[in-house]
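Input: one structure, supplied below.
As written, the chain order gives the labels A, B, C, D, E and F, with residue 1 at the start of each chain.
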Amino acid sequence: MPYVNVKITNEGATPTQKAEVIAGITELLQRVLGKNPATTVVVIEEVDTDNWGIGGEPVTLRRRRGL
Amino acid sequence: MPYVNVKITNEGATPTQKAEVIAGITELLQRVLGKNPATTVVVIEEVDTDNWGIGGEPVTLRRRRGL
Amino acid sequence: MPYVNVKITNEGATPTQKAEVIAGITELLQRVLGKNPATTVVVIEEVDTDNWGIGGEPVTLRRRRGL
Amino acid sequence: MPYVNVKITNEGATPTQKAEVIAGITELLQRVLGKNPATTVVVIEEVDTDNWGIGGEPVTLRRRRGL
Amino acid sequence: MPYVNVKITNEGATPTQKAEVIAGITELLQRVLGKNPATTVVVIEEVDTDNWGIGGEPVTLRRRRGL
Amino acid sequence: MPYVNVKITNEGATPTQKAEVIAGITELLQRVLGKNPATTVVVIEEVDTDNWGIGGEPVTLRRRRGL
């Protein structure tokens, strides 16, 4: 019954990669915590780099500096 | 003053349906908990089926199998 | 399959009231959007009034003024 | 190490304004709470006015009435 | 730089289990998406069974019926 | 009408500090984005250090090493 929300910047994750993240987290919560995979929900949100800040600035600006 | 976040897959909810969800939740919280509707916020987020996982796989794959 | 998060201040909602909120939102999403109630998740979070701000101040201060 | 999520309606915030919000919140949490800006994350989410309800109705309808 | 929020019912997860969840998700996002583990944040929230609804009712009631 | 959620570890923020965070964010969103402070909501969540992971481990373990 867990609910997991994964937020990442929208920098090209493919459907296959996202499916792997969903499968991997669901399996982890079953193995470690005994949670039922049938009712485990994983929601991935991809956020524009203008809208994601770290270190006080948007990721867009960091990427321009090669970070 | 409540804040409600509703996450659903983006499978065609219309503006009219979304307005009904907003009205219905606001009315419910007023009736059951006495919350002031004027300051009740409801935010609906529609998520791509590639990004919504249940049972360890994306909804996109489930839909292909007719689930 | 919807996921709904309800945040309210912790001012005495009873288990019965919370059960009514869960039932009411689940029913609403089934009726308006055709969502399967069996996999609809509703999570209620109760927040200390010191930690909930509106109008630029904590609810604790507003309550002291009778708001 | 704080994580801050800012939800606003998508009514034209510019990249510059969003950068100011990110910088301002990061600075505030450092000044008031002593939090390390290097690991402070701010994520801004812009929500369609059809999907944001207040007072029991979508912002789209309020905007039409000049609110 | 991902941010992951894991919500589970508060039914006795130990600090060791929670550390395993944190380590496992961080490793997964590095392996699948190439994310930097140093800035990956995982926040676990444990929710009272009165406040977690599925199938239109609180988990507390389901547990009483042995579900 | 913005909604802001601030998550921090529960390491002793006082009611006065939390009130400063609420006031500061509300003022910032008014000044930068023209948002109405009367309907700006700020919710602060304080998370146990066992439940907050960064760099693949709980903050509790980092604190023991003096980080």
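Everything below uses one rule, namely that contacts are C-beta pairs under 8 Å (C-beta built on N, C-alpha and C of every residue); 3 or more make two chains touch, one makes a residue touch a chain.
If you're wondering where the values come from, they're calculated on a predicted model, not measured in any experiment.
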Ask   = What chains do subunit A and subunit D have as common neighbours?
value = B, E
Query = Any idea whether D-E or C-E has more C-beta pairs in contact?
reply = C-E
Request  = Report the chain whose mean Cα position is at the greatest distance from that of subunit D.
outcome  = E
Inquiry  = With touch defined as above, tell me whether subunit D and subunit F contact each other through largely the same residue numbers, more than half shared, or through different ones.
reply    = same
Request  = Could you please state the distance in Å, as a whole number, between where the Cα atoms of subunit A are centred and where those of subunit F are centred?
outcome  = 21
Query = Centre to centre, by mean C-alpha position, how many angstrom separate subunit B and subunit C?
reply = 14
Query = Residues of subunit B that touch two or more other chains: which are they?
reply = 1, 3, 7, 21, 25, 39, 41, 43, 52, 54
Ask   = Looking at which chains touch, is this a line, ring, star, complete or other?
value = other
Query = What is the complete set of touching chain pairs?
reply = A-B, A-C, A-D, A-E, B-C, B-D, B-F, C-E, C-F, D-E, D-F, E-F
Remark   = The subunit A residues in contact with subunit E across the complex are 1-9, 13, 17, 20-21, 24-25, 28-29, 32-33, 35, 39, 52, 54, 59
Query = What does subunit B use to touch subunit D in their complex?
reply = 15, 18-19, 21-23, 25-27, 37-46
Inquiry  = Per the contact definition, I'd like the list of subunit F residues that touch subunit E in the complex.
reply    = 7, 47, 50-58, 60-61
Query = Hey, which residues of subunit D end up touching subunit E in the complex?
reply = 1, 3, 39, 41, 43
